[in-house]
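One chain, chain A, appears in both complexes that follow, with chain B as partner in the first and chain C in the second.
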Partner chain A sequence: MPEPTGVIHDIGYQRYTGPRLGRRAVFGALYLHGLRTAFGLGRSAKAKIFPWLVVAIVSVVAAGITAVRSQVGETVMTYAQFADNMSWLVIFFVAVVAPELVSRDLRSGVLPLYFSRPLPRSDYPLAKLLALATALWLLLGGPQLLMFLGAAFTLGDGMRGVWNELLDLLPGLLYAGLWAVVFASVGLLVASLTGKRAFAAGGVVAVFLMTTPVVGTLSIMPSRTVNELAFLASPSTLVQGVGDWALGDLLPEGQGGILIGDFGPVYAVAAVLLVAGCVALLMLRYRKVAAR
Partner chain B sequence: MTLIATESLTKTYGGGVTALADLTVAVEPGIIGLVGANGAGKSTLIKILLGLLAPTSGRVRVLGLDPTTDAAQVRTRVGYMPEHDALPPDLSAAELVTHLGRISGLPRTVARERASEALRHVGLYEERYRPVGGYSTGMKQRVKLAQALVHDPDLLLLDEPTNGLDPAGRDAMLALVHRIGTEFGISVLVCSHLLGEVERICDTLVAIDGGRLLRADHISAMTSATDVLAVEVSEGTDELAARLAALDLPVRRDGRLLLVELVDDATYDLILGAVAELDLPLHRLDQRRHRVAELFATREPSHA
Partner chain C sequence: MSTVSWITVRGLFGRRRFLLLLPLPVVLVLLAVLSRSLGVDPGEWGPPVLVGLGLAVVLPVVALIVGTGVLGAEIDDGTVVHILTKPLPRWQIVLPKLAVAAGVTAVTVAVPLYVAGVLADSVRLGLSLAAASAVGALAYSALFVALSLLTRRPVLLGLVYVLIWEGLLGNFVSGTKVLSIQQYVISLADRMAPTGLLEAGVSVPMAAVMAALISVGFTVLAIDRLRSFSVAGETS
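Take a look at the complex of A and B:
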């Protein structure tokens, strides 16, 4: 008689004696979870709508630019200009995703479950920050890559053309990285202050958009120095100022462009200080939250 | 090995509020009940044990480790179930527990397997794939317990695990905790403000009040020779009390009940004899475990 197969035994509780991974692996798990959350992966269908709508818009714009360039031969936007022009979409993306990453955890009270585990308390906000920055960079860099592929293989200049195009793309990707880091650190800090997602989203939009009138006011003051430093007042124009200084002709000024005079290095330092300040405040914030 | 040991542990918060005052206690592995009223310092003690709060003064050791310096090592071996709501509503229990298993350092596939196992052990099966937001309070408590269990800790810290549960749910949760402490071989520290609950399942009881230690001992030492018989008669309670006192039985009044210390089986006969002689309508006569509450209440004059 054959042995009965497929019998389910209740083997009771099993102790675990296998490996326990270190800080790096835990950080990686939290980072990947954050990145997936940013695009609504592993979440409800409702959570996917907005991120993928934004992804669709930037992709369509990139495809349009590529099509115009390969058919008409006219460059509508450089890679860096593309990042600039998409910045308002990035703001909305941050306003939706940053609360999703941190406010939700604050509200549901899940943080004690994280901080009672062998996770250094600074790793939680850092992993979330890195995840948001990566998501923003992919959002801007992905379409740039699409534009590059389209341009490199339709212009027909051979390897030379591909190489030149690549030299244009790389600064564009770096510039996208700057957008990503600045917007992620400011957005995450604002979102980490409240557990209410609507408030957090409003706060993020307010910080990015309400500072624009300040720039406008300062830039019509009767002083050239004040005018040229005016763009420090808003994160978006600050990034554009750094781009203008560092990228030069890759970011040609359109009408209403950023005229920063010789203050380029000031903008670069200001951007670094802004990011550093936001990260420091984020750490302080979570030092307090973890002890609750 | 001593499971948890504190020495003159004191925690004073910024506003001058003393949460723990000179607490010295040592407990052996097993199921430990930590009881005290709200605000007695239970949650503060748990946070210090987890290394989330630094004590103002004094020493503390958990599983032989110092949580103030080796917090990460302590937390690898400890599971914590917080008192309050701690579950994001839109994740399923399976996803959440798997994710938290990975945060505890489990490799990906192991985390998934152990999450299913932990959820099965707490009694969640198919529903574990549904979003937590739709769960009942009882199911949420089970998920919170499962996430504390997923990384196979050596010690579980449960903060008010029966909070918000109905009587049946409380019994089920207590049975589960008892099973974890006995069959799984994991030590458990159960916090509660309800003494009657934890005394049913724990082997050691630590009672704190206002941050001070009231008493810490094996439950057997606290309850031995303190079983009592509760007698209730529909009328003539006073006469019966007098008669029993005349028979040299120590009698106490507790509302409509007469509590008689149970010395041996002869006590039953004496009581029944007295009731029969007085011809009183006996309502009930049952043995109850002397509630530990009475041990702590002896300072109050009404019980003297």
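Take a look at the complex of A and C:
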């Protein structure tokens, strides 16, 4: 019997001994990646076209408003009104970004890889939601900051004028945050239902657009209470109703003004309930996800 | 019914996805019934329901989902190769698919619009709305089918057209109405049943000619693009 000649070589398999990052790092990475995805950063030029088209349009509008205000001295729209007037672009932006954030992962079947990390089920949708909301807030808040800077440098009222502008800007930014949270939660919920980006985008737009004429119809019903509660039916008018109640004079009624009567608190509660409901449904959606 | 159209119909209705198409028409009919039963003046509820919801949202959105679904979904899946490798002239692929898209859109939109039109004014208004929306369905479908061959992101480009061109610019810049299918539909419906409910933005001959031009032109373009179509992977 010959001697055994086989040798087991030590080819250097090693255990990982470095620091193990926990839940917070995973959440942070998902959030940052989501935010970059929203604007197509780190992706091909094709992925940047649509987000930056929207950014370009809102920036041009803000620059135009600033120019008119500094040259003519006429305030075309306040900071809070800016968000209202950009609602169509916000809808389009959500339709572009929300499917990118969630539908691609569903379609390519990578969710089992995510959930095999130390990542609780709820963290994945929350990170995506936070990323989308941040992106929307940047989309609305950035131009407002541009308007503020333009006004601060051209009005020439000294520090007092700048301070007054700042007091106008801050509620505007808060209001933009409300827009961002409401639209992000509704849009992400719709987009997470399908893995096809095309259908997700269509669905998001359908949900937001379909509800606006409902408001238009309800607000001409022969009942004052129904009229004043009509704006609950659509996310964008719901947000405007809350803004009208909370900000008051910063959203001057007049052109297309929203008459909500004494139902302001109802609108605030409805907005909170809408966001909470959407987030809860989103959690439920990701309790059990098919691998493919 | 050719095999291609049969495959297309099964692709559209074979999944639960097509249920997504139902809520839009249902809401339209519900609002019309609600307004009618509460006795609101049709002059007040007609424009927001018929134009604001029906012609400005339901028609383009349904046409967008269906029109990009008949060909775009197969391109996304890569299954379009199976059809392209068959010895079929390209027009025999595009035309049945376009017919299915336009037919499904027309039925989905025309029926609720007919009901809403009857409730708002008369059977004549209902019929004219249904006919005009069928014309609009054909034009929109041709546009969106061609878009799904021209670009890898047909839905988003279609949304740019519907939301920004027709929706946002149409309100501020009247010149864009000349190139807006929505305005053609309104003009045609208004011509067939003159009521105070619809407000035509372009002249009727112009609307008819442009709708026909768009339908034929984009169909020819789609056939031409499919001749030299290269199948690529998913966009990043």
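The definition used in the following text is that the second predicted complex is superposed on the first by the 274 of 292 C-alpha atoms of A that agree within 3 Å, B and C clash if a C-alpha of one lies under 4 Å from a C-alpha of the other, contacts with A are read in each partner's own complex, and residues count from 1 in each chain.
Following the convention adopted for this analysis, contacts are C-beta pairs under 8 Å (C-beta built on N, C-alpha and C of every residue); 3 or more make two chains touch, one makes a residue touch a chain.
Being a predicted model, the structure only gives us computed values, none of them experimental.
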| query | Looking at the overlay, what does A:P171 touch: chain B (first), chain C (second), both, or neither? | reply | neither
| field | First, second, both or neither for A:P125, with chain B first and chain C second | value | neither
| request: Scan A:G241 for contacts with chain B and chain C and give back first, second, both or neither. | output: neither
| said: By the touch definition at the top of the document, which applies to A:S44: first (chain B), second (chain C), both, or neither? | reply: both
| query | Once the shared chain is lined up, is A:G187 touching chain B (first), chain C (second), both, or neither of them? | reply | neither
| message | Once chain A of both complexes is superposed, is A:G216 in touch with chain B (first), chain C (second), both, or neither? | response | second
| request: Would you check which partner chain A:A25 touches, where first means chain B only, second means chain C only, and both and neither mean what they say? | output: first
| field | chain A positions touched by chain B in one structure and by chain C in the second | value | 43-44, 47
| chain B to chain A touching residues, read off their complex | 47, 50, 52-53, 71-73, 75-76, 78-80, 82, 84-91, 95, 99-100, 102-108, 110, 114, 117, 121, 131, 147, 151-152, 180, 183-185
| message | Applying the document's contact rule, which stretches of chain A touch chain B when the two form their complex? | response | 12-16, 18-23, 25-26, 29-30, 33, 42-44, 47, 104-105, 108-110, 112-120, 290-291
| said: Touching residues of chain A toward chain C in the complex: what are they? | reply: 43-44, 46-47, 50, 53, 57, 88-89, 91-92, 95-96, 194, 196-199, 201-203, 205-206, 209-210, 212-214, 216-217, 220-222
| remark: The answer for chain C against chain A in the complex is residues 17, 20, 23-24, 27, 31, 34-35, 38-40, 44-45, 48-49, 52-53, 56-58, 61, 64-65, 68-69, 72-73, 76, 152-156, 159-160, 162-164, 167-168, 235-236
